[in-house]
Every structure is written in C-alpha cells, then in structure tokens.
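Below you'll find a set of structures to go through.
Two complexes follow with subunit A in common, the first pairing it with subunit B and the second with subunit C.
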Partner chain A sequence: METILAETKTYISTQLLDDTSFPLEYQTALISSGLIDSISTLKLVDYLEKKYHIEFMPHEVDKDHLDSIELIAAFVQSKMK
Partner chain B sequence: MQIKHSFLHELIEESAITFQNHMAICEAADKKTSYAQLAELSDTIYKKLIQQAIPAQSRIVFYTEKSSETIAAFIACSKANLIYVPVSLLNPVARLQQIIQLASADYICIDSSHIALLEELSSCYSIESKIEITSLIFLQIAKKNTISITKDIAFILFTSGSTGLPKGVSISHRAALSFIEWSSKYFALDQRNQLLSIAPFNFDLSVFDIYATIMSGACLHLVAEQEIKNPMLIASYIDQAKINTIYATPTFYQTLLAYGKMHKYDFAQVKQILFAGEVFPREGIKQLKSVFHQAQLHNLYGPTETNVCTYYTLPASFDEQSKDAFPIGKACDYASCMLIDETMQKITAIQTPGELLVAGSSLFTNYWGNDAKTNEAFITIDNEKYYKTGDIAFYNEQNELMYTHRKDNMVKKNGYRIELEEITACLSQHENIQQVACVYLKQKNEILCFYISKTMEALDIISLKTFCTKYLPTYMIPNKFVYLNSFPTTVSGKTDKAQLVKNYEA
Partner chain C sequence: MNNNQPISRLHQFLYYFILFLSGFIIYQFQIEKSFNLLSVYTTVLLFICIRPFSEKYAKSLLPLFFLAVLFYLYPGMKFLYIISALAILLGIIIPTYNFRIKISLLLVAGFILSFIYVFPNTAFEQIRYVPFLMGSLFMFRSISFIHEMRFTKKEISTIDKINYFLLLPNLSMPLFPIVDFKDFVASYAAPNFRQLRRGTLFICRGIIQLLVYRFIYHYIVSPISGVENIADVALYVTSNFLIVLRVIGAFHICIGLITLCGYSIPDLFNNIFFAHGFSDLWRRTNIYWKEFITKIFYFPLYFNLKKRGEYVAITISTLICFAITWFLHNYQWFWIKGSFPVQIKDLIFWGIFGILVTMSSLWQQRKLVHKESHKQEVKNSQLIQLSLGSLLVFVSMSILWSIWIAPDLHAWIQLLAHAKNISVRSIGLVGCWIVAYLIVVYMYHSYQKNKNTRYKYIATHLESISIYPYLAVIIALLLAQVFSQKKIQYGLLLKPIITEKLNKADQENVDNGYYTNLISTNDYCTQVWSSDLNKDKKRTKYINQNITLMTNDMMLCKYIPNKKIAVDNIIYSINSAGFHDIEYAQNKPLNTYRIIVLGGSYESGNGVNDNEDFITLVENNLNKNYRIEKNGQPVKVEIINMAINGYMLLQRVYQYKKYATLYEADAALLFLHSNYNQRMINYVARLLYNNNSVEDPYLSAIIKNKQLKKSDTEATLKSKMGFAPDSLNAYSLRSLATMSKQDSILLVGVFLPAVKDPINSSDLQNFMQLSKQYQFPLLNLENVYGDKKKKDLSISEIDFHPNKVGNDLIAKKLEETIILQQDIFNLSITKK
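Our next item is the complex of A and B:
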C-alpha cells in the first residue's frame, strides 16, 4: 500500500502537475478541485493499468475512485487482489 | 440552393407523420422516444408556452441535461416564435448568469430534478412565474421584455468573446435549415442511421445531431455530458448501441483512440465519421481510419457564424507517408467562398493565402445586442454580404480550399474556440491578483497564466483553479499558473507576451 501511495504521488507530481514543489498530500482532492483535468485523469488511469497490471472498467474512471491518492491506492490494491 | 422549409418545427411535424413509431431519441436507462411521442411532447410544451402570451422572439435560456424533453422544448420554442439559448451544464452558474444578462433573457429553463440549482437561481432573480412542463421548469425571470425584433431568429449560441464576455451568435431558421437540409442529403441520412450526440447543445455541431436526425427519421443517442469525457464508456456505447454516424472534433476522436481501448471492438457498423473545429493531423486520421475501417471520413469547416460552409470527403485511400493536412474542400451548395488579400483584392491564383470570406444563406443574423461587432464582421462585395472568418486559407492545385491559420489572437484548443481575453477578464476579478496575462502554447497545447499577486507571493494553485471553475467552462481553465514579480513590457508599454513565454521557456 505504501509503495502504491508513494509511486502514485511521484507520478502525479512529476508527470501530471509538472511541478514537484506543489504540496501534494495523499488526501488532496485531485479531480473535484480542478487540480487535474479530464485528459490528465485518463493518463493517470493508463499509467495505473500498465504499472500494476490491472484493468479499469469504463464506469470506474470517475472521481469516486480517483479523487485522491489515498482513494486511488485503495482502489488499485482492491483490483490487485 | 432551394430551402424547402421555413421553420425548424416543420421538420418534426413532417417526421411525426412519416416515421411515427420509429425511435427518434434514445437515452440512458433505456428511455426511448418515438417520432410521434417527440411531436406530442413538443406540442404539450408549445401549448403551455403560448398560454403565457410571451412576446415573439423572447429569449429562453436552457440550462438542462441533454434529453428528449430539452429537444422537444427547442422545437416548441420554434413553433411559438421564441428564441432558445442553450447553455451546457459544463458551464458554471456564474457564466450562465452572464449569458442570461447578455441575452436579456425572459425565461430560464432547468430540469426539475436540479433542486439546488432552482434554489440558487431563486435567490439571484425575482421569479415572476414558474411553469412546470414534463421534467422541465420554466422560470420567468423578467417582466415581459418589449424589445421589438422583426427577425426570425431560432436560437443564439454563445461563444468566447474577445471583449472578455461571451458573444451571442444569432442564428435564423433559414440559416440553420440551409445546413440541415444540405447535410441530411449529402450524408444520405435515413431511418437506418444511429447518431451519437457528442457536442454540447451550445455548439453548432449539435445542430446537425438534433435536426439532421429529425429531418431524416434517424435516431439520436444522448448520453450525459460528463460521460462524453470518458472514452472507455463512449467506445463501449458506440459498439453496443450500434452507432453508425458520429460528428465531433478531432480532439474528441484522438482522445477516444488513445484511451477508449478501441482494440476490444470491431466497429464495422460505423459508416460515417464527420469532424470539424480544428485541423486533424494526418497521423491521427490514419489511426481513425484503421479503427473505423468501414467508415467514410469527412472534414467539415465553418465557424459558428456560418455553420459548416465547406466540406471535403476523404478518399478511401490516401498517401499515408505525407505530412500535409487535408483540404477543407469546397463550398457547400448554400455558401460561396472568396479569398481576399490585404488590399481587399480577390485572390484567384492557387497557393496564394488570403482571408476566407463566406456568403450565403447559412450566415448568422447578428451578434446579439452588439451592432458594432456585427457590422465589423461583415463586408459587402459586388452586392453580396460576406462574413469575414478571420481564417487564412489558400487554393491548392485542385482548387480546393486549404486552411492555414488564424488572422487574430483567437485560440483553438481541443476544437474549442477561446478568446484569451475572457480568461484574463475572469482572473482580473480575483481578490489577490494584481495583473494577469494569458498565452497559448500551441506546441504543448497549453494555456499559461502569468500573474502578479497583491500579496507579492505565489497563490495556491488549487484556489486559483477553483476560482476559475466558478466562472469559466473547464476547457478555458489555464493549464499552468506562473507567479511573477513583474511583467516585461514592449516599447509602447504593453505587456510583452512574447517575452513572457521566452522567459518561461528559458
């Protein structure tokens, strides 16, 4: 779990926000705050699928599952089981 | 070109007789509306509306979900000689209010399920009356406007404006019907066509979706606007609902191809792919063609002010190695195009760029409530009124029009038309922003916002983005915010945007 949290945080900071100085927390709202847009959300899903060999169902690509690093890690872990 | 109809509602009146029980609209949860039902629904709304004795050409702003009720209400407006003004729910309420004011609207229509919105609007406007019809609520927000207008305007589409406020493009019945009649014939639409509505109703692409469908007895599929942003859902929907005709922007298709997991489906049923709004890179078209392997591809061109005015159907096979863009083609039957040079002389020679002018019956009537802007937009040559598109084009060796670039600062990002001044005007209202300048980086497809803060330190990105979401549609929100102590200036003392970008990239 810790690894997923850390790796996801690094990916979002460096690849999506392009700004490592941003104080990104595990609880920071990503989608509902407007921090990452719809294209970035899709990039994130693509990254998670490849990195953890999981597959998102179409209806799972939404803020219920992706709005914070914490939510993402929990969801990814549930998929990996 | 002879235009057969005079008003948009004639289309449903005819189709209700010809296609009766054939499905006109399919929505979520298996909700289906036949042609007869759509005509009846529209008639119910029409009767309620005329009971209110609303003066002709009054404006009704629609801030509703895409639904059969919304479409029926558009048709009812046509029949009652009222102007409908669609505003997508992807726009924040603050922008809706700007549009209500700019359109000097008499009514606003919302879905009765949006209770919170109803409360919000009730606190902003004094509601003169409230009419509930089917799943819609019409709120009368002004005493009957008496502005007398003798034009036959059917709807107003608000687009980004260079003055910092949205700009209303008024479209007459005749202008809309010119395109609708031509397109349903050219694309040979009939009862077998299943269309998927991608564009929000405040974009001109939706005029094809709604009315070319109705005219030809086809079926229009509506999905929630949020779902359009989910390519996996859309790809699976295209497959399951056997969608065979799609009209969208190149950005939409490219996102679909990149993230829709297209390899899971065959898509052999898709017969026609239409695109407009921006240049489609050839590489993307190659991919599009391999996924929708049975489809004919059409490149359409035209600003909101003219709707589609040129078209180009791609050949079944083309040089895949070439890097050249495809032509925007030749003028539609109802339009005529002309290129002029800087001295206003007509260009006939090939390979010579000039501004594209468009004349014909599809031209918009005016910018709502802005005569000065309207007059600036037109030019009369040989007794023919032309719209100055601001687009630079040239004729290729086949005498087809080739688009090259914009003449002014208007930005086309992901197929959306954006005036950076509108973003600047929005952020200037932020309590902690002293000065702001926005630029578009074409290479990265990003809007950068440079700002100087009143607190003399960088502002929180989330609070800036949240501020923007309150006032701007999502596609206009800057991708990056850059804090600066001061802005470079040009010799004349203006903000030097070129230098801003240079410093940023350095």
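Our next item is the complex of A and C:
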C-alpha cells in the first residue's frame, strides 16, 4: 500500500501537475478540486493499468476511486487482489 | 475563517440579512421575473428558516416545498396533470428492476410526452406545459441517474433520489437540467455556516452577473444592422459573447438556492472568459455538462478505442462527443421549446469548437508525454503566454459565437466584411480593448498561478471577505433604485438595468412584429426568450414564428392557410385564404356590404382569442345591434380581416391589389399608426436582404437612384434614403387612393394610436394632410384608450400590442366612429 501511495504521488506531481510546487498530500482532492482534468485522469489510469497490471472499466474512472492518492491506492489494491 | 472556527451570531445574521436584501433586489429589479424567480427564492428562504428546527425531516420536506411552488405556478387542473406525470416518471425511474424494461418504459413515456408536445392538436395545446416541465426535470437527469444506479454499490435513500429530480430552481430555470447524481447525493450536509456562506455568495454573484448582463445588453450590444467598421464588428461579436453572463448568473443563483437547501453541489462555471486554451474553456464552461458528457460518452468511447493508440482514441472520442453535444443541445431545445432546430450554423459552431478542443487535447496529451520532471517557477513569460492564449480563445469564441447567433451564414459573412472598413479611430479603439483585456487577464493568471505562494493569504480568506464587496454592491443597487424612482438623472440611466426590458433592437423587432426567424440558439442569452415560458407575454413573436411563411415578392411574408395555434389559453386561427378570420366566399353574397381591412399586427389581433379582436367585435356588434341599410335595402356587413403582422403601407398596396376586387369589396379600411418612416426603412432593408423581387416601379427607382445595396446597414440605408421613406409612404397612400377610385371601392383611412405611444399628433397631422391631398376620408380614433395605462392595455410589459381590454376599447371607439360617420360609407345605421 505504501509503495502504491508513494509511486502514485510521484507520478502525479511530476507528470500531471502544471504546478510542481503544489503541496500534494495523500488526501488532496484531485478531480473534484480541478487539480487534474479528464485527459490527465486518463493518463493516470493508463499509468496505473500498466504499472500494476490491472484493468479499469469506464465507469470506474470517477471521483469515487480516483479523487485522492489514498482512494487510488485503495482501489488499485482491491483490483490487484 | 474556516468551518472549525466559532461563528458569531452576528456574522450569521449578516448572511441572513444579505439573503433578505437579495430577495428584495430580486423583487425590485425584477430579476428573472418572467421565470418566477421570486416565488422560488422566497420558498427557499422559508425552507432555510424552518430547517434548523426540523433538520431530521428537512430532506423529506423539500419535495413538499417543490409541490407548493408548483401549485402556486400551475394551479387547479394544471397541477393535477403535472403531479400525475411526475408520479408516473418517478415511478418508472426510481424503483430497482430490470434495466431494459426500465429503459423501454422511459422511452414510451418520452414518446407520449413528445407526441403531446408536437402534435398539432389544440386539445394537447392546453397541456403542453406538462412535457415542457417534465423535459426540464428529467431530460438529462434520468440518464445520469440510471447510469449511476447501474454501477453504484452504495445505499441511496429514496428521498435523495426524489430530491435529485425535484430541484426547486428548475421551476424558475428550465435550462438547469444536469446535475451529477453522485455529486448531488454526496453533497448533502446538515445546516452549517459554510453552507450558508456558500449559498449566499453564489446568489449575490448570480444577481450581480445578471445586472452586468443587463448593462451589456442595453448599452453595449448593438443590432447587427448598426455594424459599420472594424470597431463595430469587434464590439458586436464580443458583447454578444459576453451576454452569456445571463446563463452564468442565473445558474449561479440556482446553485446558491440548491446549496441553501442542503445540497452543496459544485460550481458550474469557472471564469470562462479567461480560459487560456480550448480544452481549458471546455473544462470551465458548464462543468456539469462537460462531466456528464465525459462520464456517459467520452470514457466508454475512449476505453473502446484506446487499443488503437491514445491519439486516435482522444481524437475520435472528442469529435464524437461534440457531435453528441450538438444533438443533445437540440434535444434540450426540443423539450424546452417544442422543436428540434437543425441549422447549418449549429453544425459549424459545434464542428469548429470540437476540432479546436480536439487539437488542444492532443497538444495537452503531447505536453504530458514530454513533460520534464523538474520544478517550474511561474515566470513572467509564462503569464504573458497564458494571457495571449486567453486572448486567442476569447476572440475565437466571440467570432464562433457570432456565427451561432447570426440570423444566417450570409448575414454573418456580411457582418465580418465590415471589418475591412478601418480608420485610425476604429483601430485605436480595438487596440485599447485588447490591451485592457490583456491587463485584466494577466492579473487573473498571476493570481491563479501564485495563489499557493504570494497570494496565499488572499486565496485562503477570499470566501470569507468577498461578502463585503457584495454587501456594498447590494446597498449601491438599492440606492440606485431610489434614484431611479425619483427620476434623478443617473437613476434614469439605470432604468433599463433595473427592470426586465428588451433592448432597442429587440424592442424594434417586437413592435414591427418581425420575429420571423425561427428559434435562435442565443435566445436565452437575451431578454427575448424570457417570456417564451409564458408565451402570452411575447405572443406576437410566438405567432409569427408559427404561422408566418416567407415569400419572395413585395409582401415579404404571409400567413399559412388553415394554420391554428394555441398560445397558452389563446387560440389563433388562419382561414383557408390566409387571413386571421372566419371563412368568406370570394363572391360577395346578396345584400351584403363588404369591407376589407388592410393593416398590420394591431389589426390581426395577436393579443386575443379568435373572435375577440376589435375587427370581429365591430363586425358582430354592427350586425347584431344595428339595422343597416344601403340605398333603402337592409344589408349585412362583412368585415374581412386581411391584416398581417408587420405589414407596412407598401405591402398593403399589394394586399389590396391581390384581394380587393377578387373579394368584391365595397370599402377598404386602411389602418394607420405611427413611426412609419423607420418601419419603411426596415421593410426596404428586408426586401433587399432577402433578395425579394422588387416589382414596384417607384421603389425600384429609389433603390436604383439612391444606390441601395443588400450589404448596406440600417444606418447607411437611412442616410442614403433621406426623405425617401416619407415619399414611399405617401406614394403608397396615393396608389391605394388611385386604385380604389378606379375600382369604385371606398378607401377609408383609420388613424389608430399605438398603445405604447398614444399621443403622436405629428403622425396624425401628416395622415390628415395626406388624406386630404389624395381625397380619401380619415376616421380618427384619437383618445381611444382614454386614461387607461399602457400596462393595462398591452399583452405584456414587453409586448405592447393591445390585449383584450385594448381591443374592446378600440372596437367601441371604431364602432361609434363608423356610426357617427355612416355617410362616408353611404349606409344608414340605426339602433335595432
């Protein structure tokens, strides 16, 4: 879980955020705050699918699963089981 | 100030006080009056007053409040019809059962409602508000709801589901259809200060945006006909784009009201005029819509296509989503206005916008792929780049928007052609506007980019301090209202802003009965659309849209034979000959004195039911109450109403030519009002603009001699024509007088003052002089309205055609005048 959290945080802050100085936390709202948009969300999904060998369904690409690094890590972990 | 800090009672009181003041402003300034905002607003205020004492039942009380407003707006049987439809639709959508059966039932219900909406049967006309309301509540939310319920694993209460569909603001804002179901349910919270503050701020922001919109609409937006040079083009396209503030302001009020009801749904617009790219604009504009499209269509499409590569998937998914947006936009208009307008300019607008967003998305995708992982400092050059991007987007969208709102593509091309007319002044003006925009947008981007660093303090406290400027503005508005009532100079200037009125261009169109263009996509952004819900307020426009057919001759337009429409409770029918009257045989029956009426919208009875227009009233009263004799023989009087909305004097000449002898008329009543010169210019402009054949030799000579062109603006036509409109009006009267003498038909002029401007002695003097010159009698209906106020005589506050009271007064006066001057008609009229 910790690895997923750390890797996802690094990916988001280095690859998706315009403002890399943004103080990104594990609980920071990503989609609902507008921090990442739909293109970046799809990029993130692509990264997670490849990195953790999982597959997203279209309806899973939403705030319930991707709105914070914590939610992402929990969802990825549930998919990996 | 944050949620955890204690809030003083005084501070809370301030917000309640501002909400109360806002309600007062909505009332005084008639904000969204046509859409019944005040009744919805007061209901929500009542709800938040009782909510703290009954939070346990607050959610359950909301539908009752919704039904109370519904009953207020649609009393009696209307209410019963609506709640029956509501119960059926909620009964289909909310329970959990087989997905396919649910969709099938919903489609059947949709089909029945659309059948009621479009089927040309007057029985259905009486319940057309049912599909309209159901469309507003269910057209998109049912899709979002069913989609979410298919996949959600959470338990959602039935009352949340019902509240999702029965949103109170929808009763005043039919275009507020999409809210994400999941966001809506998750956003509910018990009453708290943050909710109160957020709701109040949204309402204040919405009110101010609506008033700014009014200012732009009345003082900056000019009619397309007034565009002459590059500065005019720039002002026209940008100001027309800026009036989307109306939608933004109205939607912000809706969000504020929904927030105060407990559901703190997200923001809907995010500074759209400052978007720095096209995909950025798409993200900022109607965010609910973007999320709806993304969730329901974009993601499934993308996942299906991503095996072909990201770029292909993005391109195809985005373009398909824009095609869907175009279709759903028309689908929305179908439920709101009852028609599905497929127009080339819509395809161009959505097509170009789709291509721009696709290119922008691909560029963004590429940027993400090549992104370097190092910290980026916000540099000045970056801010300048963003500001220039915003300028590019703003200008492009303004131009694209102008395609959308133009009457047609030809008019739009002509509009842009005026940009080639440049002068130092016009270039200087455009340059100043660009610099001003760049300064504002630079400051905005600077704040946005530095709000976590340099402007952190402001960003953190922005929400809590922004109420004070709003309070200042509200007080200023109340003072403005006082000034206006006292008719102080600045108050008079504010008059158009503090009342719900049409601007000059739209008012001119209404007065002339000229709204022959079909549904305009921009209608909602202007005052014109305000009253489409209560079509009786803009009956002339509605009637024109539905019964008028364009022609390519001197007449310009005619009524569609046998057409019958209902505008709320008003029935308006056209007979088989294309007149707003009962059927008449062309051959005059024996012992009949036949009069034909040549006139415009006043005479064609837009404001009243069939048989309630003053022409029919006079005809019926004369035959019923009087013994009428001609040469000692009793006769029946037939008055055939040949008046057509918007007909000018020259059109009436051709109406006479076509029908007077054909219908064996004994007399022709020619109705005369005021402001005919301006109307004659409009008429000539429309003839030229529509490429109609100008068969009239006099007008043809004027067009040739004065070098009038299709591309001339109204202002140019006016200056080129000089005294020509005067002479054209005189020529029309002369032609009618000459023809009627040759045909042995008695021509009688009738001067009927306008409801809007009942005292216009110069027009009366002019017509008296002309009638003397061309030797036809003139009946003077001066003072017909007595001391009645124009609001009591007009269809509505924005359509000054006479209502039933007006028609009754005109009928009475006309009847008295005919009896008094019966010798003119060579008739003997005595009371039975």
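In this text, the second predicted complex is superposed on the first by the 78 of 81 C-alpha atoms of A that agree within 3 Å, B and C clash if a C-alpha of one lies under 4 Å from a C-alpha of the other, contacts with A are read in each partner's own complex, and residues count from 1 in each chain.
Here, contacts are C-beta pairs under 8 Å (C-beta built on N, C-alpha and C of every residue); 3 or more make two chains touch, one makes a residue touch a chain.
Quick caveat, the model's predicted, so the values are computed rather than measured.
Visitor: State whether subunit B or subunit C is in contact with more residues of subunit A in the superposed arrangement.
Guide: C
Visitor: Looking at the overlay, does A:16 come into contact with subunit B only (first), subunit C only (second), both, or neither?
Guide: Touch partner of A:16: subunit C, not subunit B.
Visitor: So in the superposed three-chain picture, is A:2 touching just subunit B, just subunit C, both, or none of them (first/second/both/neither)?
Guide: After superposition on chain A, A:2 lies in contact with neither partner.
Visitor: Tell me the contact category for A:35 with respect to subunit B and subunit C: first, second, both or neither.
Guide: The answer is first: A:35 touches subunit B but not subunit C.
Visitor: Determine, under the contact definition given at the top, whether A:46 touches first (subunit B), second (subunit C), both, or neither.
Guide: The answer is both, since A:46 touches subunit B and subunit C.
Visitor: With both complexes superposed on chain A, which partner does A:62 reach: first (subunit B), second (subunit C), both or neither?
Guide: It touches subunit B and subunit C both.
Visitor: Which residues form the common part of the subunit A surface touched by subunit B and by subunit C?
Guide: 18-19, 22, 34, 37-39, 42, 46, 56-59, 61-62
Visitor: Spell out the part of subunit C that touches subunit A in their complex, as residue ranges.
Guide: Against subunit A, subunit C makes touches at 147, 150-151, 182-183, 266, 270, 279, 283, 290, 294-295, 298-300, 302-303, 306, 310, 314, 361, 364-365, 368, 371, 373-378, 449, 452-453.
Visitor: Would you mind writing out the residues of subunit A in touch with subunit B in their complex?
Guide: Its residues touching subunit B are 18-19, 22, 28-29, 33-35, 37-39, 42, 45-46, 56-59, 61-62.
Visitor: Give every residue of subunit B touching subunit A within the complex, in rising order.
Guide: Contacts found on subunit B: 229-233, 235-236, 255, 258-259, 461-462, 465-466, 468-469, 474, 477, 479-480.
Visitor: Which part of subunit A faces subunit C closely enough to touch in the complex?
Guide: Going through subunit A, the ones touching subunit C are 14-16, 18-23, 32, 34, 37-40, 42-43, 46, 56-59, 61-64.
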